[in-house]
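Below: a set of structures, written as structure tokens.
In the two complexes that follow, chain A is the common piece, with chain B as its partner first and chain C second.
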Partner chain A sequence: MKSPGAIERTLGWVDDRTGLVAVTEHAMFHKVPRSAKWWYVFGSATLMFFIVQLVTGVLLTTLFVPSAAEAYQSLVYIDEKIPMGWMLRALHGWSSNAMCIMMLIHMTQIFLHGTYKFPRELTWVAGVALCVTTLGLAFTGQIMRWDANAYWGLGIGAAIVDRVPFAGNWLRSVVLGGPDISGATLSRFFALHVFVLPGTAIGLIGLHLILVLKGGISEMPKVGQPIEPETYRKEYESRVKKTGVPFFPDAARRDMVFCGAALIGLIGLAAWYGPFGPGPVPNPTIIEVAPRPDGLFLWLFAVLALLPPYTETFLILVGPPVGIAFLAALPFISPRGERAPSRRPISVIILCIIVTALAVLTWLGETSPWSPVMKAWTSIPTPIEYVRDRSPLELQGAIQLQYAQCRNCHSIGGEGGKRGPALDDVATRLSWDQLVRQIQQGGGNMPAYGKSLSSAETEALAAFLSTLDGGHLPARIPGAMEHQPGRDQSPTADPRAEIDAETDANSDTVAAR
Partner chain B sequence: MSERPNEDSTGTDPGSTLPSEAGGCEGCEPAKGGGRRGFLFAAGTTLLTVGGGLAAVPIVGVAIGPAEAGDPNRWISLGKATDFKVGQTVLVKFTNPWDSPTDGDSNLNVCYVRCLDHKKFQVFAITCAHLGCPVEWFAQSRLFMCPCHGGVYYEDGARASGPPPRGLYEYVWRIEDGSFEILGGRLAGLQEST
Partner chain C sequence: MNRSDSSHPHQLHHPRASASKVFRLLIAASLTGGVVACDDLPGKPPPNPAPVISVATTAGFEGMWAERCSGCHGADGQLGAGLPMRNAEYLNAVPDDDMFSMIRNGVPSSRMPGFGGDAIGGVSDEIIRDFIKGMHLTWGEGEASDDSRGFPWRSTGTGGDVASGATVFAAKCAACHPGEQVAPTQAGTMPDQLIAGSVTDPFYLRLISDQHLRSNIVFGRKDLGMPGAAGPFRGPDGGEVTTPLTATDVADLVAFLASKRNTWPSGPEVEDGEP
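Our next item is the complex of A and B:
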């Protein structure tokens, strides 16, 4: 028998002292089902992006100053002065998004294929804990970008914590590290983002991988091959023994190809689009900001806008824990039975509903039609065709429409806020009386203008609005289009039609307050 | 490794003190009864508990200290009461009454002061009562609007529309020797008294 070479001897010595060689060999060469193909690459890709996060994150901590007085300047310095610093930040930001996306795809696949069932229940539970940790990393990472969005994002977080019954105020002080957002807040979130959450994630990833090895990689689900806990282990082991392939290199090839391509894609995205922010400076006295969360949390932003107010506190506080608990409990609710999606229609329907809801809410969060366009009243002019051939009173009303910030919530000509209905054809929907009442008393999510507009201003505004018939559309309700009592409102029949509306609309005439 | 004989004061058969397959020894009950083993286990548990408790004092103290620091609110002067114009609502800057070297601009703050007459004011927090975004005052429509979820308030701070569960938060104010002061320092929130 040939005596072992130097490498074998060294490995033998290391294994004798640590046992690590045998463990590594088992991890690399354990047999996995032959059917584990392209569906199985997303977990590896999530891990790869996490490693990118660790490496870029460690380097960023050597450059970032976690002090509220200097954090913003240090980010600008990294972007502009440190060679390739911008690329480092870009990689960290894009890799964070990529990691979250891969993790969600991985979870979706596990759910769709029923892989969470016996004997892999705890692998799923560790995965759910990893998902929560990763989302925590994403949120705290947004705070590290110490700009106006980060500052007001913390304010939103504080307002949510504040809603906890009895202990809200106390908890908020603990989270913020003081009575208000300050340097201590950034320090606390820095500790979470850089030590606590990554440490937790590393521990959970270790546990997740140990459990994957213990339970074995699942096979692709097959119709008519349900999970029976009494016999599953024996059958799985015998099938894998018979037809399985070693993880490395057979199964790992696909992981390597996918991860390599994803890494190059990440570098491309980072190089092309650059780093995220920092946005406007985090100065609380600059209030002309419209805080928005990062893409991953836009659906939450939408939910918080759309929930009925009376359900909000309950759902904000109870919804996430219940949702997470339900996810974690899934394998215990359904530990056995068919894994094939075609035999689990309820699961498929639930998944479709969740994916559709998240996609629609994210889109709504992106467009945020409920948010007033705060500068619309000064930055978006009234279209010329809406003031052409109008009477002086109606033109006064057009000015009033801008001046009273109506455009912040209502669009005309497709521009303006989307919170209230577009006003292009408001005259076909509301009679004169209804227009006046709506302006003065509000209602239907519109504030009452009775105190802020004089009766003359209200009359002018109603007169202008009653000319907005959507291009001579017919009345949709009885009484609409009859307009102001005792007046002929037909623009074409009006002798004042000759007035140069454009000039008048741009005049400085503003109704006396 | 084998068990040392005679250490076990329970007087079990020496033959049964050989390591069992599970790694312990048959007949050994180290946590039970008196003797040196029982004493050491009890002493170890006690010392670790006491040590852990002592270590927890500064650890928990620093972690929850900010919530136990007492009332952070102080009287902050916003200028002379007569400097405010009657009938106007203005944005006023001030500095929070606490400070640390790392606060930077985050130590600054703003509020809206509404002057009804020079003896009657309303002072509103900048934060929307819905989820804390900064509201903006529009003098023309006499409304506060929130850019996040569209909360709107009237000039007296009352909720006008949108998701806020209540009106704007108000600061307590006073006039001291002609100086207009507010009681500020804590981020306004739902569980405040005002």
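Our next item is the complex of A and C:
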């Protein structure tokens, strides 16, 4: 039997070798400025939600099956068979959103109060890295559901990497684990979501906290008290020594109250609204699916749909890295000077613009009719009047229109997606060459199919589309609905040579269009 | 339970609430929450509507058909752009295992997608087997016509002869199917005097497997006016030809059509049959 002395001795030994007690004591009882009030609770709340994510996440990992064939069923299993399993998923889902929102509020507060300035530059940089990691976790998380929304999230991701010049195809196969979304894709994102990103986040949080302790909690900004790196440290220390309060319990109390309330709020949300998804994919009885990314990424969805096509590639590839780099560079751009928002009007205006833009875009993403009808291709038949009297090649074109999922964006016979124009009378608007060009080069928010369709497939599509005259409407442009020279010649004259020569020439001019 | 939760925050804001008091309140709140939280909170998701009706029944089958096949094979199994399945003879001729593997894995290098395995939203093998049962139940018991002359779905003999295929084609098919693709005159329909479009168009043939050609020739496409192996056909003079196709004729015709696939000088297209 051990005496209390033994326990004490063991603890003493551990402390002697590690110095943990001193560190903990410093962390708990270090002095913080008296003015640090309710503004300062958001960081702790973010951390609290992260811990909820870790706990629920580990539990979910033990139940989730990361295989394309079983992922969906395992979610249904968690929802229905595991006692309170649905609650676990609900907590994880809601806490993920809450964490992102708290993090954004926390960042906004830090930005508004100019806290990123000297000597807390690196704390801010670590924070920006954490922000990116957290958004990555949220994005990969929605893919774990492996439903229509997951598909759409991946679609956005793939569309973005596809645009990278030269390496696009290669990057796409790195991201998706092959040319298309498949089982390998899920494994990849699973590894990211449960190992790589959480590991990174934990490391960054540690660094962030150490830096917070090192730099000390900032005071509320005061007009006329600008930051002078030469003198700031000394002044801060003397002020905190004079008027500061110990972190625990004086400041920690507010954190705990806020976190407790947030936790209760979280449980309430989870209990009331339940888990997110899984969306309707494998359910053979639901036809209409309008997949959207989760709320946090809706704005991105809207941007993708709204941007004029010629700016898209540039903005999508260059925008986020530049934005993140700019955020991270902020403290080095303005390391000194006033912290009070009333003395930093430009920062306040920028912030307002960003917040408004994100809010408007999110609203647009929520209400827009842009989302493709993901199931049109297998579930909406070609109207019978478009099947009758068509040649076998045209019939193949009609099948190709289904197979290439054109109808997810285009309607014929009033059914299909609404992202692109209805195609019922497209033959009156476009000549054969224009049809081929539109299919191969896309443009105006339509993907280019030049690389993914063979010449026979393109030919069949154009043949079918050129029969869609809206019920014998007259041609609206010269050249529409005329005999196709390439189609009418005898086969020995090799019409393909002409068509292909033209397509080759066209494919060089994609960017110019 | 939710009501009792929402009363706590009032107390939390009480200025005199000490840390420990707040703590105790929190613990009490979460404990009550945990105890009261039974499995019928409003957030509990409704049972995931797993197919309540089995797809082995007509109703269940029709739901899944509409969802996954109607886009290409027609709303009620016919008059779609693809081969109609509403054809008892056809359904009885295709061996279940072939049907299963086509539906599960698709037809390679064609526009027939797979619906099982790893495909997004793919269904289990049992559902596919049930689906085939449902398809037989719904469309497999129609009146017994003899359009296919009892020929098997898959060719049993060796490859056909191109030259004799050309002869049969000229004698029985060419009157309906002109030799070359004819462009739509007034876009929308083929010239009135023509009954069907070209089936020797290399672009068309590159999109179609040999098996699919055979299926079309043996079972026909009655929904569009294409006769099966039993005819009647149309002779070069436009008159009706009632002699049916023999098994050899079918194989020869497939060989003849397949030989037209790459008639135009070959280029990179030869290997681009991949979808």
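As a working rule, the second predicted complex is superposed on the first by the 349 of 513 C-alpha atoms of A that agree within 3 Å, B and C clash if a C-alpha of one lies under 4 Å from a C-alpha of the other, contacts with A are read in each partner's own complex, and residues count from 1 in each chain.
The rule we apply is simple: contacts are C-beta pairs under 8 Å (C-beta built on N, C-alpha and C of every residue); 3 or more make two chains touch, one makes a residue touch a chain.
Since the structure is predicted, the reported quantities are computational estimates derived from the model, not experimental observations.
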First (chain B), second (chain C), both or neither touched by A:172: first
Superposed model, chain A: greater residue contact from chain B or chain C: C
Contacts of A:274 with chain B and chain C, given as first, second, both or neither: second
Touching partner for A:266 - first (chain B), second (chain C), both, neither: neither
Which superposed partner A:83 touches (first chain B, second chain C, both, neither): second
First (chain B), second (chain C), both or neither touched by A:68: both
Which superposed partner A:249 touches (first chain B, second chain C, both, neither): second
Partner chain in contact with A:183 - chain B first, chain C second, else both or neither: both
First (chain B), second (chain C), both or neither touched by A:143: neither
Which superposed partner A:419 touches (first chain B, second chain C, both, neither): first
Intersection of chain A interface sets (partners chain B, chain C): 68-69, 151, 181-183, 281-285, 287, 377, 403
Contact set on chain A toward chain B in their complex: 67-72, 151-152, 155-156, 158-160, 162-163, 168-174, 176-187, 281-285, 287-291, 301, 304-305, 307, 309, 312-313, 370-372, 374, 377, 403-406, 408-409, 419, 442, 445-449, 451-452
Touching residues (chain side chain B, partner chain A) in the complex: 63-64, 66-67, 69, 72-73, 91, 93, 96, 98, 100-110, 126-127, 130-136, 138, 140-143, 145-150, 152, 154-155, 160-165, 185-187, 189-192
Of chain A, residues touching chain C in the complex: 68-69, 76, 79-80, 83-84, 86-87, 90, 148, 151, 181-183, 249, 253, 256-257, 260-261, 263-264, 267-268, 270-275, 281-285, 287, 375-382, 384, 387-396, 398-400, 402-403, 407, 427-428, 454-457, 459-460, 463, 466-469, 471-472, 480-481, 483-484, 487-488, 490-492, 494-497, 500
Contact set on chain C toward chain A in their complex: 2, 5-6, 8-9, 12, 19, 22-23, 26, 29-30, 33, 37, 39, 41-45, 47-51, 55, 63-64, 66-72, 74-75, 79-82, 111, 113, 117-118, 120-124, 180-190, 196-199, 201-204, 206-208, 224, 263-265, 267, 269, 272-275
